[in-house]
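In order of appearance the chains are A, B, C and D, and numbering begins at 1 in each one.
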Amino acid sequence: MLINFLGSVWLQLTSSAEFAEVGCPSLRVRASVSSPQKLYSSKTTQVKSGEEVQIAVLGASGYTGAEIVRLLANHPQFHIKVMTADRKASEQFGSVFPHLITQDLPNLVAIKDADFSNVDAVFCCLPHGTTQEIIKGLPKQLKIVDLSADFRLRDINEYAEWYGHAHRAPELQQEAVYGLTEVLRDEIRNARLVANPGCYPTSIQLPLVPLIKAKLIKLSNIIIDAKSGVRRGAKEANLYTEIAEGIHAYGIKGHRHAPEIEQGLSEAAKSKVTISFTPNLICMKRGMQSTMFVEMAPGVTAGDLYRHLKSTYEGEEFVKLLHGSTVPHTRHVVGSNYCFMNVFEDRIPGRAIIISVIDNLVKGASGQAVQNLNLMMGLPENRGLQYQPLFP
Amino acid sequence: MLINFLGSVWLQLTSSAEFAEVGCPSLRVRASVSSPQKLYSSKTTQVKSGEEVQIAVLGASGYTGAEIVRLLANHPQFHIKVMTADRKASEQFGSVFPHLITQDLPNLVAIKDADFSNVDAVFCCLPHGTTQEIIKGLPKQLKIVDLSADFRLRDINEYAEWYGHAHRAPELQQEAVYGLTEVLRDEIRNARLVANPGCYPTSIQLPLVPLIKAKLIKLSNIIIDAKSGVRRGAKEANLYTEIAEGIHAYGIKGHRHAPEIEQGLSEAAKSKVTISFTPNLICMKRGMQSTMFVEMAPGVTAGDLYRHLKSTYEGEEFVKLLHGSTVPHTRHVVGSNYCFMNVFEDRIPGRAIIISVIDNLVKGASGQAVQNLNLMMGLPENRGLQYQPLFP
Amino acid sequence: MLINFLGSVWLQLTSSAEFAEVGCPSLRVRASVSSPQKLYSSKTTQVKSGEEVQIAVLGASGYTGAEIVRLLANHPQFHIKVMTADRKASEQFGSVFPHLITQDLPNLVAIKDADFSNVDAVFCCLPHGTTQEIIKGLPKQLKIVDLSADFRLRDINEYAEWYGHAHRAPELQQEAVYGLTEVLRDEIRNARLVANPGCYPTSIQLPLVPLIKAKLIKLSNIIIDAKSGVRRGAKEANLYTEIAEGIHAYGIKGHRHAPEIEQGLSEAAKSKVTISFTPNLICMKRGMQSTMFVEMAPGVTAGDLYRHLKSTYEGEEFVKLLHGSTVPHTRHVVGSNYCFMNVFEDRIPGRAIIISVIDNLVKGASGQAVQNLNLMMGLPENRGLQYQPLFP
Amino acid sequence: MLINFLGSVWLQLTSSAEFAEVGCPSLRVRASVSSPQKLYSSKTTQVKSGEEVQIAVLGASGYTGAEIVRLLANHPQFHIKVMTADRKASEQFGSVFPHLITQDLPNLVAIKDADFSNVDAVFCCLPHGTTQEIIKGLPKQLKIVDLSADFRLRDINEYAEWYGHAHRAPELQQEAVYGLTEVLRDEIRNARLVANPGCYPTSIQLPLVPLIKAKLIKLSNIIIDAKSGVRRGAKEANLYTEIAEGIHAYGIKGHRHAPEIEQGLSEAAKSKVTISFTPNLICMKRGMQSTMFVEMAPGVTAGDLYRHLKSTYEGEEFVKLLHGSTVPHTRHVVGSNYCFMNVFEDRIPGRAIIISVIDNLVKGASGQAVQNLNLMMGLPENRGLQYQPLFP
């Protein structure tokens, strides 16, 4: 499948000019794929067993930064050398995140004071927007996994439209590889800069991309109702009192993850896909459930969808199809890098319902980032990621 | 609109034999509607201001029973005379529900020992199944609001199919009026036995029935993703440790509220409607959000849906359309009898998203039951229901 | 008891000069009590049944302001005429608090633009510190219930010490009556300015003041471990992600409610009382439990404490002693103005454990404020306060 | 310190007859300590690096069983060979606990069908009471860590009093070593049967035992207010709807952990200690906070308590004193085997407040059990326990 995927991208490439003309910007493909020299010349990094990789975590005072630290605590080769947090510069990391006081870590520094001379790789956990310029200024030999949205949209016009300003590092954007590990593994392995996917896009593309590529579902009327735990943004709407014991939808038409999802599905479909996407915020600290309501291609059954996903993810450590009618629960993946999914018949004939769950901070952010950097460094993909889910 | 509704039922009635033949059981209509004598002869009850109505609460040791008590604490005319709870017989109500110890209430008795001689009306909060036989045995002059599912499905074959046994009081079922107050107010006013709607059906029919009747949305591909707080069932799956901080879908194809919803929508449509219905359990004690993904009729816009609902519910005390793009939050109706709703454009042209929220224990159960009994007794509909939402 | 209490204050008064000299500032008494003319000459306000009282709510965009609105929604005589919120001036109240959109309310205005010409009484829900100056500037004929801490501490030196600046309205502070309704009812009835107690002080003084006055417990080693739901302060520490599923202590030595509690206990004891006070923040939106570990006077039993509290609060609508060994639960008073309490024997002979629970936003803030204004206006104390607890 | 502790027990031993006579049952010491032969002859087990230890988990369908499985998922040498669960016999473990479906585990069997022939060690997660007889019937060469309360109380009379029946395996009880790892490490290393401590006793003894031994705090008036997450017991009181958003005390005088705590403190004090112990249940799935209010010995300061605990636990991996005034939060240890603690001055001179937090399912149950078995098998104590806390 992965070979097919690359193949299909390649095919698109040859006709990308036309696509651009017919106003299908999300189908334009990255230069990194389009330049065969790069694919062949890129010297794959291969860290030897026991060898240490020196890591910098930029923007370490947010939850995704803390989560990187938690995961690397059990990583035998990734060693955190530099941690930045401009507003907390010179503080100890353990004073910001007391749950990690037992870790022996460098003090936080302002990013302008960070010394990258002995650093091999970077997790960039900075806010959207500033990330572009920061990464542009980093030494070129660094491997980078960027957890922001800055390099996820391949079309810089679309970026400008959704983020309200022109992209500040378009050449980097072209180099960036989209880090949906199980779907784009080979490209990630050779990448220098990986754009780590958003949480919703991860939970939605993992089931839908293979089904679309196999033409098992229709492209029209893909309806997604997704439910997420709360992010940290220090605003009134995220206070305990505002969130506890309730649910509400938000960004119904305009969530920034919509174009990212549509980009992935469109690429899989080789034609423009528009989705219905309703995210909901629910009273949980971690976890994400995406419910996808799809029309199947003529003659296809829910069992066919299940079997295709089952065989697609056979052998994957982190993506699991549940048995029989077992429903994925968000609480069964919390703390882990797993994505659990299952397929259900709908009451309406010809339709199916697909449910996937992840921990939005792990597979939806820092876990997938570690998984990607493992790949980029030639290490086993699951290093540092063997935390089992924490239930209850 | 209500007159139209009755009219349309009447029209159906004349051709109900055909419908029955073509296997469309949910279109069969209740005898109460079909017998014009009853409509005219039924002497509407009219309690005078200041007069007391003596109430019995059957099955008072469950949450819906406790909620009836909470609401009646501020009802100037409904006076609780009898409370039954077989397993808690002879206990004080306040020892079962300490939050209501300040109320002066009769002790709990077993139902077989209940004295109905001075009782005017009954809230029946018993479990599904047993309810039928209990109500069959009650004195005929009692007004009854039944909160179980026993009289909601008009087609007793459908009942048998979903509940696993033949209906034990089919004649009562024919007499029962479905208690969706804002939609069937006139019938409820004249009813002796009201089948109080389920929580999901209330939150879904309130927006969809008017839209379907006005032919503003298509009948195909009505997709509903609903999220509910937890019920009390004393089973492992409802433990705090199993529920907190998470969400999961359940009963995806087979939730018993699906036929109840389809009955209401089919009646509104005058043709069989099959819905996609995915209920989810989320970590909240009260509250329900229903998200409805619909295709609009040709040329219809989301604004049209909004305006139709707005005018339909103009003047209603308990059903409110929110302004502009305000999203209904479950936590904004908790503790109250309100249903808040709003309509949103979808990213997919021609589609709309409707979100409604209620407190599943109030408008979705005991609150609507009180509203119905108020109507049945000729009292202002909002008596005892003026609790404002409790937020935060 | 209330007469005794006033009497004891009176006695103190005659010797207040000495007390002041011996460094016992918390025993200094308010001028309002010390001026007998006032007590007798003060023309008690007496609103006639059916007559409307015009209300202003200052600082209406916070939770205590919203809670005032919720309670007054069912108050037959208090009518909200003016609502201020500087940062939300000109917004509709329902856009700030959508759960109250059904209420017909004046738009929010900046306090400088508020028209008090037709206002009779004010609920002041402003932050500590600014309140003093605002109230100083209000028309003198207004009755005021202040929910801030600005007038709670009678000793302005103590105020300065705990709040970091000299008191800006010391003459008003002298006029203010401390609004612990059940303990100081007669004074409140005649007050123009009431300092509404803090939530911890309410839940702690209600049981301890009568026991101390009756000399049933020792003054030494009163140890209080209190647990509160979260306040709204829009800071990172109050985010859902920081609060959910956990508990932590805070302000162990330095919570500002400690001097307020000690003031009340010292007055009851007629000698300085120093308490051990450990507040905890727990993951709940409303509710407060105070656990008080006390040594009993020689020969006194837990039963004696219970009986004394029982008889003290006999006939009180809002303070209830639970029966037998029933433990007060926070969730059994949520949404109501009740304080539930009970007394338990300790494993250590001679000691007892007292537990009280309130809803911190109702009896601990806005509910007690309404109760106090009812008293001040000569209305039945429970008007607008008959919301029963919301459980589950 | 550990040597001193053993020494002190030894000293007691010589006079245990007298103690018994003066009615101080909790001071009676275990035979295992009193028989020096055993101490010397016990051949310490020493598993070689890389060698597998075959494990049986009895009662694997409860939360502590699942937690053992979670921890052993990352244990390089403990291999689960047998899992029992009588009511779920023949089911797959992953169908009971879907969060662990990725683990390759033996199917559940009834305990009577379990084959112990290739098993080296047992985690016994059975309910109190039945455990005694089950363990009595197990092959004698097995190392056993028992997570029930059956072998925690050394005095079988006390056991009978608290658990309502005579102890059924008194000889095993004499052999059992109490598994408070950091306090009794040397004994545990040589034990065959370890009675794993309760969660409250762990969180309370870890700070108090060293302070009592060092005579830094008084033995009278030790007041403990403890807060715990919810256990799984499938009863109404543990339902989500009953627990969410609230706190309540329970078992105020009679919690079964009280004698266990008093046993440990009395042993440390060499005289009978009676505590005030108030446990509270709060709305969290994991976590425990114990707040201990103590009187210090004359001249001792809170700083002295801090320094003594700091030096006692210097070098311990799992017990940490926080810096400065940092307050331990339950949510900062969730998912980990850590105990965080700190000491605070009280407002009342001469008193101090100690707060400790653990995850009740890890350090308070399964984590400490794994820690103990590691010791018993001669492995590094932290094997399988390097999960960092999961926050948020």
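As a convention for this text, contacts are C-beta pairs under 8 Å (C-beta built on N, C-alpha and C of every residue); 3 or more make two chains touch, one makes a residue touch a chain.
This structure is a prediction, so every number in the text was calculated from the model and none was measured.
Between B-D and A-B, more contacting C-beta pairs join the chains of A-B.
With every chain reduced to the mean of its CA atoms, the largest distance from chain B is reached by D. Between chain B and chain D the centroid-to-centroid distance comes to 50 Å (mean Cα coordinates, whole Å). Note: centroid distance chain B to chain C, computed from Cα atoms, is 40 Å.
Chain A and chain B have Cα centroids separated by 42 Å.
Under the contact definition stated at the top, the residues of chain A that touch 2 or more other chains are 63, 229, 232, 241-242, 244-245, 283-286, 329, 331, 334, 392. Across the interface of their complex, chain D is touched by residues 63, 229-232, 234-236, 238-245, 283-285 of chain B.
Put simply, chain B touches chain A in their complex at residues 220-221, 223, 225, 227, 229, 241-242, 244-250, 252-253, 258, 274-278, 280, 282-287, 289, 291, 293, 327-331, 334, 344-348, 351, 353, 355, 392. Across the complex, chain D is touched by residues 63, 66, 70, 73-74, 95, 97-103, 232, 244-245, 285-286, 317, 320, 322-323, 326, 329, 331-336, 338, 340, 361, 386-392 of chain A.
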